[in-house]
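Below are two complexes that have chain A in common, paired first with chain B and then with chain C.
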Partner chain A sequence: MMAILQTPEREQEVRGLAEAPHHPARRRKTPYQGAARGFIAPGVLLVAVLLYLPLLWTTFLSFTEYNGLGDPEFVGLDNYVEMFTDPSFVGSLMNTLLWVGGTLLIPVGIGLALALLTWNLPGGIWLRLPFLIPYAVSGIGVGVIWSFILSSNGALDQALAVIGITDPPRWLVDAPLNTFVMIIAAAWQGVGVNALLFTIGLQSIPKEPLEAARVDGATGVRLFTSILWPMLRPLTAVVVGLSIVASLKTFDIVLSMTKGGPGRASETLALTMYRETFVNSDYGLGSAIAVFLSIVTLLASVLYLRQQLSKKHEM
Partner chain B sequence: MKSRRMVGAGVAALAATTMLLTGCSGSGNGGAEAGATTGALDFYTDKAAWEPDFDELNATSEEAVDITLNTTGYSDAQQYDAFIKQSFRTDKSPGLFTWHTGDSLEQLVDEGLVAETTDLWDTAIDEGWATEGLRDEYTIDDKQYCVPMNIAYWVMYYNKKIFEEQGIEEPTTWKELDAAAAKLKDAGVTPYYQTSTLFTFQWFQQLVAGTDPELYKGLSTGDVKYTDPEIVDIMNIWLDEQEKGWFSDAGSTVDPAVGLKQGDFAMINFGSFFNGSLDGAGMVSGEDYDMFVIPAVNGDLGTTPVSVESGPLCVAENSKQKDLGLAYSEWWMSADAQTAWNAARGDVAFNPKATVADPMLSELGTTVADGEHSLFTRYFEATPTPILTVALEQFGAFNANPGDPMPFLEAIQAEADTYWADQK
Partner chain C sequence: MSRILRTTVLVVLGVVWLLPVYLLVINASKSPATFTSTEAWIPTDFSLFANIADAMQLSGLSDSVVSTLTYAVVSPIIAVVVGAAAGFAIVALRLKHGFLWFVVIFGGTVFPLQMVLLPLFDAYSRVGLYDTQVGMIIVYTAISIPFSAFVMRNFFTGVAHNVFEASVLDGASTWRIFSRIYLPMASSALVAIFILQATFIWNDLLLGLTLSQSDDVRPIVTTLAGMQSTYGGAQMSTVLAAAVLVSLPTVVLFLFTQKFFARGLALGQY
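Up next is the complex of A and B:
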């Protein structure tokens, strides 16, 4: 035992403890730190190989012309210039912004409303459950189901015909209607999980301020705006942040419902990236869109979360 | 002791990672060794639905040349193309794979990635297994690459019961076709099928090639602009037909074979491989459905143009199974192989000496070779990929919202201008 205590490592630990008050920034090395590094190394290696290397490769490709064969040819900023001067790219960007706005308003908004309405309600979980089940369906699955409903002469059109509406809107053909109905399809899937997250947030609010507010006569909208909403802010930040990121990446539902068409009327940025890379074999332009999309997603997340966190700090 | 534990943990974890990474790298080329001309040949295709047909052929090929296909089918064309392109960067490039003729094949040839098949074509021509016209589809700089997997003619399929009910005979002129469409519309039947995704080009190709084959060829070489007044006039014919309500709703997702069966429309312009889909939908060839060659728009043309597509079977130049792939390709072109293939798949035959099981397809093969028809390359293969991508989208948008053709044509021409400028 004494021999162990006298090892140089142990002496270093003791010295570290003794020095700690004078150098609070220096961290003490634990006995298992080395072993932990050994365990973490493969994970770090995997992330580096499977995430960061492709990221660097994609960034490199975005400055090249490359059809997937032979060697990429360096073309500087040509792909970025082409991207921003293409009117279809601008249309795709606008559709993506519609998705961001739409998914914030509909699934997040309804999710919050559902959580508030079923919170503290006996059997509330059973009311939320039907909304949660669609979350188990994949994006492509949601697209297939809603295509069946919304395609011309599909289930919805046939149902409308029964009540005498024989000339219904062309849900998936006319733009921007097709983007709106796809947002509703995405909302059908996303409402439940948002409601669940907001319910968790509501349940984590301490009882004391709630009781105090109620004693002071705050109910309904007043209780929500003055107490619940500010106290839900940390969770709202996460839900809205996740929603923004998810909607910027919108791909699977659009691919399975309209393939971005007709023409490119309902295309989103992720679909444009796929189109250029895999349909058109223009890996350079596809990579430039991927880099742009990554930067926008990262910036939106960082700016939003930073703003929300600073508000939390102010509280 | 601690450092030993750390090293042990690190080694174990790295070993696990290595196992994981090597596990992801796939099993590689199985079967025959490099240079072998018999054995199991790794075969990749984007026609996943045809996998049972290729498997069915194994008994015949094993007996004939002692080669069997180990088939991997992809159902997503884009995913498949990306996989094949990436495989050339590894030592796992396929011994045999399906591809596309035209611009896509030229890209591979330019990079020296596919094995030359000139000798196989010389043998096939000598034996009377293939025509010179077909050889042209596989010729790049006077050399041949790949062999034809199949051939398909783009014709008009129709619902026989609807035609009989309306007293309509198979049209032999454009005027008769128009009259048939008008009669069907008057009877409350939508004459033609259309869609807004992927197969959006066929009516355009039919109208242009049927009006002037040289004009059609000029589009594929960049000599004719999509905004050319003649093309605009042709688009206006299409628009006029759209406005008459002759086409089905482009937003419908009903399977086209099912649509023809249940009478959503009376006719559909499709490749002769569509027999398989119609049979699958429960229609009987010759009883429930039939087909006719679409008459030329311009009746003064000497011959009736028929769109033809041919999908190639290729061998990778650096594949370990190159010799095996070429040996199979040689056998594939033979009359025996094509007779077996047509029995398995139900397809028209590119080999005139092969026996075609389906009488309708057999008759079609004879018809297009009667000297009164001329073949032209399908728009899909004739058009360079970047222009094709935009054109398919624009024709889809036109089908969905028919209107002034100029904006659609200008969008395609803008892409064509960019493409052809890069080629100079």
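Up next is the complex of A and C:
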């Protein structure tokens, strides 16, 4: 859900009363251990009770047969076997992979392009604004807007009719087309924040190498490939990691636009999990999907967590 | 690329990007009587406020607005203080094994929300928190804490430790040092966290869908989703008006606080 991105300059500016950070290992403990435990207790307690306990319970339930009534019955790996042999789960998995790929190509790519275009441009802040507005809209809000645009004979079809296309595809009905158009809707929402992140990254690039490169006559593509791109690499890892993790959890746009249909043709893993659990009351299977989703998310998180951890060591 | 070319490209793209917003606004403004989806691109009349009033009435949206506003304000405030207290314990009071405790708190966000939905639903039903505002506030607070602790730990790490030592020499208690010196000093970071978490909570669907059902407890986005699926007896223009109502607060907040957003994003981000 969360990622980490520190640009050294920004950090320093935010800190205010900055001094060189202490190395954790060299810190001496203060005599306030009792008070310290008191200060950290509320946070640890809330997180433990509302996040960790449920996490363990879901993991346990994934090995059981349970419908909410009576007691969970231990069935070993049955749910996982059932999961992978169910063709609609496999379809849901493929859709999720489409989401991951599409979200990487479109919003991350356009986001980077926008950041480069607005970089050092007078009024760049204002030119970025139209792309930031959709980011603040909820997934359901985005779904409502795009369902309206893409409905049969809706705004898009009317626009196409003007240029002579009178038999447009059924955007939200035909699979996998419906997944593609939903990825576009998600991209419409997500481009702005990626652009903002890349902008922060560009602003934190030290001036000297840039000046040097300019003096040497590097501009345009050359400047990008030999200076900007390598220097943006840590940030790119973060943006890519974030995008993957977010797309793995795609839920509200799909729920709003197709409900995973027709049939289950456009379902994503998050939606399948929700349906198995809260619609079919198959708690064991739903939990197994949640566990699978978590493992994949964790693996993807390693992409940007590694980035963060390596920074920690430097400190 | 020349400045003019870059600006032109950006303006054209920006206009394209705003087309869905344009369509939303003009169609949400059509009165249900004149609304025809065959002329989606042409504005007809301006009944946006009448449509919003209809939406509020038809689907209990007005109750949702009030409760969602409560969640989006109360939970981040608690989370910001709890997170700051954790950061303070680790950095200023130098809690033993502080980094380990930090990882414990922060690790709570690494897993997808799907992992906690069912047990929370189950447990909430058993202890009477299901479909209550208190229950919603508690869960929104808990999921906001890790991010808050993360940012605040980072922030306090940059504060010279002799600020703490000087306060101790002045005879201040740890609580006083926290509430009178460390918290005020961190106000900009606190605001950044608050805005990000408030936006996140306002836009939440999954927890609302899972842990609530009645109009006065359900978060607003969940109500909008419900309206859309059945149209709640509402016309398309009413649903679109509801979408405008649901989206406006976060868009306005976002545009007015871009600076804090950028800062929050730079510190640790969604």
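Everything that follows uses one rule, which is that the second predicted complex is superposed on the first by the 269 of 315 C-alpha atoms of A that agree within 3 Å, B and C clash if a C-alpha of one lies under 4 Å from a C-alpha of the other, contacts with A are read in each partner's own complex, and residues count from 1 in each chain.
In this text, a contact is a pair of C-beta atoms (placed from the backbone, for glycine too) under 8 Å apart; a residue touches a chain by one contact, two chains touch by 3 or more.
The structure displayed is predicted, hence computed values, not measured ones.
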| item | value |
| --- | --- |
| Partner chain in contact with A:R275 - chain B first, chain C second, else both or neither | first |
| First, second, both or neither for A:G154, with chain B first and chain C second | both |
| Partner chain in contact with A:A300 - chain B first, chain C second, else both or neither | neither |
| First, second, both or neither for A:A35, with chain B first and chain C second | both |
| Touched chain A residues, chain B compared with chain C | C |
| Touching partner for A:L177 - first (chain B), second (chain C), both, neither | neither |
| First, second, both or neither for A:W57, with chain B first and chain C second | second |
| Chain B versus chain C as contact partner of A:S138, first or second or both or neither | second |
| Contacts of A:L223 with chain B and chain C, given as first, second, both or neither | neither |
| Partner chain in contact with A:G70 - chain B first, chain C second, else both or neither | first |
| Chain B and chain C contact sites that coincide on chain A, given as residue numbers | 35, 37-39, 42, 46, 49, 68, 147-148, 151, 153-154, 259, 274, 278 |
| Complex contacts: residues of chain A adjacent to chain B | 9, 31, 34-35, 37-39, 41-42, 45-46, 49, 67-70, 147-148, 151-154, 170-174, 259, 261-265, 274-275, 278-282 |
| Complex contact set, residues of chain A against chain C | 1-7, 10-12, 14-19, 21-22, 24, 27-30, 32-33, 35-40, 42-44, 46-55, 57-59, 61, 68, 114, 117-118, 121-123, 125, 127, 129-141, 143-149, 151, 153-155, 158-159, 188, 191, 193, 196-197, 200, 220, 242, 246, 248-249, 251-252, 255-256, 259, 270, 273-274, 277-278, 283, 286-287, 289-291, 293-294, 297-298, 301, 305 |
| Residues of chain C that touch chain A when the two form their complex | 1, 3, 6-7, 9-11, 13-15, 17-18, 20-21, 23-24, 27, 37-41, 82-83, 85-86, 88-90, 92-96, 98-99, 101, 104-106, 108-123, 138-139, 141-143, 145-147, 149-150, 154-155, 157-161, 163, 174-175, 178, 185, 188-189, 199, 202-203, 205-206, 209-210, 221, 224-225, 228-229, 236, 239-240, 242-243, 246-247, 250-251, 253-255, 258, 261-263, 265-270 |
| Parts of chain B lying in touch with chain A, wherever the complex brings them together | 2-3, 5-7, 9-10, 13-14, 16-17, 20-21, 78-79, 81-82, 85-86, 88, 107-108, 110-111, 113, 196-197, 249-254, 385-386, 389, 393-394, 396-397, 399-401, 411 |
